[in-house]
């Protein structure tokens, strides 16, 4: 009985859903505040993301009469639950995740793809023209960034010779400096993560000057609040994943210091994302795709190759 | 909405985030490719030309000034020049110089504004924030010299209404140094930042021949190698006495238009410095008669967006018989259709923005539905309605919060 | 050509004070020549009504209340703050102040009347 | 720099009927009055032979029972040739000039909406600048048109 309660606590409160909501809103705040300060503006106060969320939750929900109400309503919830679920398999501080099995790395990656597909479904079934163009764009973009992201993350797993994130953590604790070999993969994955989070320069699906808000155009009220929360949570999950895969050092520390180090890692990734979106202009969809295939994929392939060779040399 | 051949027709406007003013673009799309564009103008038609006929010349100066907020000095100068020509008034030299200085300051603020808008259209908000921050320098200078940030109210028939004092001239010069440094930085950014160049080069191409054929004016034409600048060809105010280059570019695309505009900024700083050095002392206005003798005049002015044309016909009374305004955007809007053919949807905002459209100028109406005031809610009424809605439907009561806020406002 | 050309500039602005003006917490200073709310000196007015004639929006009305005493009715919601009336007035009975905070929920408060008081103190500046 | 006097002489030489109908109110401005029948001839001559390559705009005027049209042509040297022609208001048919200046389309639509001119040869398209609901027979810039509320 207590173990069930403890599991429920882990899933719903800490380090589960509530923790994700709080950190997600915090990440949104840091992202917005840093973006503003980098642009020489004041930026929002710390409670702004929360206030936005509460305001949206309290607002009237409008569903376009031509939209398919079931699909329209289910898409945000699908996106949110996929993003939250994937978090449970990522080791945060320490060597173990909440749940883990051999192969969970693939599950996490696929679960992280689901929100994008959910945005597509929501956008498509809202039948607005802007939403349709936006959702088609987000799927087009998905095929471009997903490949380098997968290759980057899997190359790190290849070095550790496991398909489980928790076991990867164990491996990298045993070989403390091996993460240095994966830096190129880290770079590729950060850029691919920008695409996944639909942030500039890859905010093409929701480019407001072209397609208003892309797939989110028709969303309002609670459903829109869920969508925004999903993106915030995705940011934390993505940053945690990159931190676990590419920055796996200091995992043996005591929980408090470990938590501090983990927060630091996630924070620096969030700041890096904000910095990147400050200094780059939005790309066009064709440029984005050719950039991903022409630069990111070869670099990720090289990383894979390099890791194979390193493994052959060092693991004999 | 769906054509059989996978053709989308999407409306861009009259309300759309890419457009800062209401105009309708109906875009036929195949995937991301634009097949054709249909333009519907007129949402901002305010009947100013008709209204001018019913007001006196003095009143018209202020009405004309409000054709456009960004190029208000453009329109009022263009109008008073025409009226002065009909009345045979010799405007004092000092007034001519002051008009020139304000005109160039206006060009600076307009071009910096454009740079920011261009940044926003290509999803580069950082450029928007920085260039608009720096634009505040020139806005402050304009407020200091003329008394207002926009709609300066500087012109009157027969001269200008305010003088530029020694202190103000020194402030203007100081601001010019600051802005010149910043503009050099923006030229550097525009010519070196990869993502900007990628989004601007080869986009919205308007060949030299097409620019001539479609009568493109201002920076839009000059970026296609059309060497037309009213300031140089048909000098007005004090432009005949100033040395400056007409900036042209052969890029023919949005990138060229950006270069022309930022380089024109550098010319403007040069011109303002020279004008402030050469400005003669003397009166700033001559007395104008209330009744303007019969006659007609055509006045041209190089607005930041291109050639602005005003035609005034006087009939000997204190009211004009006819005022015709042709704003630069109207001449350029034809070219937009041409530039967008076979481009991507993503290029549309920046191509439209690249002519620096000013649809208020172009359309000159308000179609406020006078009979239907019943649905107009005042701000506090709207608040009350929203509080009631939340209390009834969501069981959340905001009235306490509202009271606090209202108290603070009072 | 290189990406991220603005990196140095954006990082430097982290150390700078934000350019945002925190209005209304911070006060805004209007320039000297600013044309704000009008002020009317009834003792100077001779009732020529040139201001009424030149006003582009008919926002001002001069009303005779007694012999040689005039009052001005100004509709601030119509006024476009061009201050042409100030220029037109031959006796400098009108003045543009730097008062700019005129926003109002109650439209009727925007119609202001400067009552004619013949023995008011003469103004310091005009 | 193009000399306006030379332009006047050229005009008179080529079109004798223009003698005495050319006004030069100030440097770089030439006003010419041409009948509707000879208008196109003079207009094309100015464009092709004299390099007036830029059409500033077309102004419409309501003068008693005639609709006056002024075509403002600009030369790169800054000289403006204003060709004035007129049609009776009862039969306001004019020929479109978009085959010479494609950019003139919007100016001609403006003449149709605001003055009720009938431009022949103008392709189908959106009207400008009035709304689609605006009555087809009301043309606000005609002198006898009064706004309803006034």
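A, B, C and D are the chain letters, set down in written order, and residue numbers restart from 1 in every chain.
What we mean here is this: contacts are C-beta pairs under 8 Å (C-beta built on N, C-alpha and C of every residue); 3 or more make two chains touch, one makes a residue touch a chain.
Predicted model, so just to flag it, every value in this text is computed and none were measured.
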Chain at maximum distance from chain A, centres defined as averaged CA atoms: D
More contacts between chains, A-B or A-C: A-B
Between chain A and chain C, centroid-to-centroid distance (C-alpha), Å: 53
Inter-centroid spacing, chain D versus chain C (mean Cα positions, whole Å): 43
Separation of mean Cα positions, chain D and chain A [Å, integer]: 62
For chain B, residues contacting two or more additional chains: 126-127, 130, 133, 193, 195
Of all residues in chain C, the ones touching two or more other chains: 3-6, 10, 19
Contacts with 2+ other chains: residues of chain A: 38-41, 278-280
Touch-based graph of the chains, sorted into line, ring, star, complete or other: other
Footprint of chain B on chain D - complex, ascending: 25-26, 28-29, 31, 53-57, 59-62, 70, 72, 74, 76-78, 80, 82, 101-107, 114, 126-131, 140-141, 147, 149
Chain A partner contacts - residues on chain C that touch it in the complex: 3-7, 10-11, 13-14, 16, 18-20, 22
Interface residues, chain B side, partner chain D - complex: 38-42, 45, 47, 49-50, 85, 212-217, 227-228, 230, 233-235, 295-298, 300, 307, 309, 311, 313, 321-322, 324, 326, 330-331, 333-335, 363-365, 367, 370
Touching residues on chain C, where the partner in the complex is chain B: 1-6, 9-10, 19, 30-35, 53-56, 80-84, 87-88, 105
Complex interface listing, chain B residues touching chain A: 1, 8, 10-11, 16-18, 29, 32, 119-127, 129-130, 133, 193, 195-196, 198-199, 344-349, 389-390, 393-394, 396
